[in-house]
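What follows is a set of structures for review.
What follows is a pair of complexes built around subunit A, which joins subunit B in one and subunit C in the other.
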Partner chain A sequence: MNKTLSDWKAISLFVGPALILYLVILFVPIVSSLGLSMQEGSPITGFKYVGFANYERLIHDSQMWKALWFGTRFALFVSAGQIILGTLLALLYHFYLKHSSVLVRTLIFLPVVLPTVAVAQMFSKMFAIAPQYGLVNGLLDNLGMQSYIQPWLGQADTAFWIICIMEIWKAMGFYAILIFTGLVGIPEETIEAGRIDGAQGWNLTRFIVLPQLTPIMVASLIFSFNGTLKVFDTIVALTNGGPGTATTPLSILMYKTSFVYSEYGYGSTLALTLTLQCLVVSLLIYWRNRREGN
Partner chain B sequence: MIGQDPLKSTLKKKAPHNPAAANLQKTLLGIPATLLIVLIVVSCIYPVIWIFMSSFKGADEFLKPMWTLPQSLHLENYTRAWTEGNMGKYVINSALVVFPSIAVMILLGTGAAFGLEVMRWKLSRTVNVLFLIGIMVPIQIVILPLFNMYYQAHLLDTRFALILTYVAFGLPLVVFFLSGYFQSFPREIVEAAVVDGASIYQVFFKIALPMVQNAIVTVALVQFFFLWNDLLVSLTFTTNPEMRTVQSGLLAFTGQYGQREWGPTFASISMAVAPTVLIYLFLNRMVMKGMAAGAVKG
Partner chain C sequence: MKHARLTALSTLLIVSAFSAAEAQKKTVVFLSGQNRDVGYTKIISMLSDDYAKKNATFSYQHQAQLTDLTQRLQLLANSGTLPTLFSINEPSLLAQLATKGDAADLESYFRDLGIYSKLNPVAVQINKKLTGGKLLGLPLELNIEGIWYNKKIFADNGLKEPKTWDEMMAAADKLKARNIQPFSASGDQKWPLTRLIGGYAARKYGADVMDRVKDGSLKLTDAGFVEAARAVQEMGKKGYFGLGVNTIDYDTAVDTFLQGKAAMLYMGSWVLRDLNDKTRNKIGEASVGFFNIPAVKGGKGTINDWSINTGLTVGVNAKQLDKATGDWMKHVFSNYANLAMSDLGMLTGFKVTKTPKTIPALTKMTQTKLNAAKNGYLWWEGLFSPKATAISQDNVQPLITGDLSPEEYMQQLQNALK
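Showing the complex of A and B:
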């Protein structure tokens, strides 16, 4: 029995191919990107070791700070929106719609599976001003609110909010399902006990239901933050980082630095910064939550 | 009684002797909630309906308000998107990359999960953790070294490069998802089969695989959505328009022609969206379950 179950030949046949592929394509590059961040050049021109020059440049790069700030602000708003709306929807599914919520759940989840590029194109058509008015400007025109007609995606501040709205719209159904799964998992006795103790409506939600949901909300928050900090497709397709560099997050700055300006070394440093940002945020949320839990 | 609407029980206690008033109060409280839900549902599906509707409009119809219904079906929008917009080529390219990737990923990932969970060896925990790290790694950090590697190996602009990347990136989730299933897999069955003289390969193909079929379908479905919707990888490793996938093709198409030609643009967006919408509508429960499971683990 043990002989069959610990036959090393079979083990290497089962695990080997996956492990090798994973190590070569994913794990080795993670390590080598550290090395790449200390070099200058591109695959075509060859690389040269420059020590910490890229990191020095990073600190003095105003565009980087702008992108970092844009990404952080964006992630804050979008994550807040996704989690708050997701929780609200989950509560509605569970306590208000109850068993009849299947259809509603299915429809609200629909945007999650749509390709981001297609969604972004759709939004850019909705908010278009030329050659013809898009859905929104057309509506404003017909309602006699001509003064509100504007190039929504051509202005830094309105573009920011449209990107936020699109990201929230696209993923809220997903977080609703995630949190709904957590809600369904709460033992019914707990809620009943809360009711007997006199908790009702909002109080029941606030003091009995939400604390029970904390683990899944923390997981959702980490997931949402990581997703939004790495945002790429949405913005590339919607504004391509513009107007100017107003909607450029680190991911796009890194992409342009590497593949438009062929500065692979510095691109790697930017990618590393982004990874670090994701890691720090995840650890912060996790750590704060742990501390509050104790 | 258990698991009821908290609002409802509030009403019961406040107005136990007056059911009519309680009902009225409940309806009044229910209206905003119902309205909110209707509003959110409409906001989720209307934009999708709007693109499909607009994809049938003729050029002159775009001078009218955007929410009007199409007057006749301008199917030539689709033929133009398919041929001039190259969407046909992009759909084929996507299919040629996505389906092999999923097949290889599932085969390797299921094998690895089986080897890690069912078989007994010292380093299995370590290897499991190694795969776990892969779930958390953002693709941005790997894409430059990979570009460099593919450049050296002359793999840029090949489908092989995309498949390699997709498989490697999908593996951690597949391994993790299936490991979970193999964990709860009854050991006695495996042991009984081995005692009866089955080889480990027979155990894998004849017992283990059929038993985790559902998990495989779920994870394959989720990976389909990830890969079909990918932009970053395909944009980075293919510069030749001949190799473009649906998403990078759509980006190029709407960038070039989208300024003037609304009809074909909407048709091409519809084409990029249609497969995912159709699959989702048929298998929505599995998709939702799979995505939620993947997210909690990731």
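Showing the complex of A and C:
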């Protein structure tokens, strides 16, 4: 084995194709985007080199800061929701439902495989106010709580929470399954030993189960943060970034800048900002995890 | 041997004849912003299919591009594969294509073909404004915009067609007090709201208001524009647009009016196809009236100035102006206006030479108003860049809910014009 691993020919054979593929499909577009971020123009008018002008503009762009803050807030709430609820569901499957959890798992996993547009349509109808009340406003009306009836998706603050709820609901089944596979991997003897030592309920979860789940939790966190920072389709389908630009994250701002305003250079700068944000978050999670000795 | 030679010769002849026919074959492609069975696309398709039947070497192909039209066109233009006709939702992009020699100057082309006289001069004038004084887009529609109202609701509540903005607001107040929704509007589409701001500004400063903004003699932060934004914001804050206006889509807004659930609807004359549709129009044709944006206090504009447009811009590929394209265009645009009128009751930027025996009453009424229009002006964002258009439309949602002040709305828009 060691002989194979020190053989450069073998390494080139095994790693080479994957490395070339990686360079072509990931690294080249990033470098190309970096080049584009120093230009302005469009395919029709042509491009010209502008140096760091787009980066200067980025710093002074209030809309960019607003979108960055929206995306960060969204990622924090949604990732917390997805991981916490995913973990609770996984614990429920493993410790309480045990062998009869298949149906529950399937039901909770179902939204993961539904098309985002269909889920967004469902939520849009649920929170509708006109032409007819949706499920939520209808319920409030029937309960005599007319003062709470409102255009949930037409207001910045309520729209934010509905997008969060939808994104959590849509993906929590995925994280539940992911964490469940980690739980299944914990040796029964370890749990049993903890129980013999008197650990029950929360103490058993906190001191025995969760530390064993750390690697999979870290992976889930990275998945979740990166997925939510790059959120696009959910918001386009539900609010299209509105009302106004209240629910516009960096990804939608980047799309609009590039493909609606035809400012491809500045659009690339925004895309790189998003890439950098994802990278920083991933490194922070790794760093924190390593510092804790995991 | 002789037989084999004969066979080879025949095959050669057949192949060369086939190749010659293929070489002469002309395919016209229309990349349209709407489906084949809708509006002007339907009329062009019908006429092209008819032309193809008479000309074996001609074929017509329709491609629908309902979203990301600009992106697609940029890609096609960049790779030199623009179709023969293409819808384009940004007139500024069409002007760029013309500069590059990709979009045809239709004035000289139509003159060369001998069909320039088929065009309606008003439509030509309006269309030229959009693209720097050149006729680059086909005026496939000719629309006027104004406020459609439910005559029955007005009569039942003792209201008359308002002549001033204050009268219109007083009418809305009265209707609201009687639990009748004064206006139906699609805040989801956004532009039906910004059109009101534009209408108010045109009344305040006159029909040339946006030309003056473009040349820099007026700024959007001037008092009259802020007043316009405040007037529309007031309408939103007082609930004149009903519940959840920012979530209402186009069809819902039109249906709300057509089902008698709202008294007024700001919309262009393209809505005639819905108004003339008996299955959708539940209030009846006789119950629909139409008036222009009313005058505002101290304003220079009059109610004889109408917001006029020629629909979604359609350009022609300058690199495909060969004889075959010319023959096809002559056929299509010599018959376009008549067929659009008889089949859809649609008003276009081409002259009708054969008036159908029966024209729907609302179409007739709209045509009369259009013919009497003294001045035409473009819609609010007509001369804006794509970015300024997006800012105008995105910001109107928080404006009408009171989350953005009229001053901020205009300031942000003015900044986007730079």
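Operating definition for what follows: the second predicted complex is superposed on the first by the 266 of 294 C-alpha atoms of A that agree within 3 Å, B and C clash if a C-alpha of one lies under 4 Å from a C-alpha of the other, contacts with A are read in each partner's own complex, and residues count from 1 in each chain.
One rule holds for everything that comes next: contacts are C-beta pairs under 8 Å (C-beta built on N, C-alpha and C of every residue); 3 or more make two chains touch, one makes a residue touch a chain.
It should be emphasised that the depicted structure is a prediction, and the values quoted were computed from it without experimental measurement.
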Partner chain in contact with A:Leu68 - subunit B first, subunit C second, else both or neither: neither
Touching partner for A:Ile25 - first (subunit B), second (subunit C), both, neither: first
Touching partner for A:Pro131 - first (subunit B), second (subunit C), both, neither: both
First, second, both or neither for A:Val78, with subunit B first and subunit C second: neither
Touched partner set for A:Val231, first subunit B, second subunit C, both or neither: neither
Comparison of subunit B and subunit C by subunit A residues contacted: B
Which of subunit B and subunit C A:Ser262 touches, first, second, both or neither: second
Touched partner set for A:Ala156, first subunit B, second subunit C, both or neither: second
Which superposed partner A:Pro43 touches (first subunit B, second subunit C, both, neither): both
Intersection of the subunit A residues that touch subunit B with those that touch subunit C: 43-44, 124, 131, 259
Touching residues (chain side subunit A, partner subunit C) in the complex: 42-45, 124, 128-131, 150-151, 153-156, 241-246, 256, 259-263
Complex interface listing, subunit A residues touching subunit B: 1-2, 4-8, 10-11, 13-15, 17-19, 21-30, 32-33, 36, 43-44, 89, 92, 95-98, 104-118, 121-126, 131-135, 138-139, 141-142, 169, 173-174, 177-178, 181, 188-189, 191-192, 195, 200-201, 204-205, 216, 219-220, 223, 226, 230, 232-233, 236-237, 251, 254-255, 258-259, 264, 267-268, 271-272, 274-275, 278
In the complex with subunit A, residue positions of subunit B that touch it: 1-7, 9-10, 13, 30, 33, 36-37, 40-41, 43-45, 47-48, 50-51, 54, 62-63, 65-67, 108-109, 111-112, 114-116, 118-121, 127, 130-131, 133-134, 137-149, 151-152, 164-165, 167-169, 171-172, 175, 190-191, 194-195, 199-201, 204, 225, 228-229, 231-232, 235-236, 246-248, 250-251, 254, 258-260, 262, 265-266, 269, 272-273, 276-277, 279-280, 284, 287-288, 291-292, 295-296, 298
Complex interface listing, subunit C residues touching subunit A: 68, 70-71, 74-75, 77-78, 93, 96-97, 100, 187, 242-248, 252, 255-256, 261, 385-387, 390, 394-395, 397-398, 401, 403-404
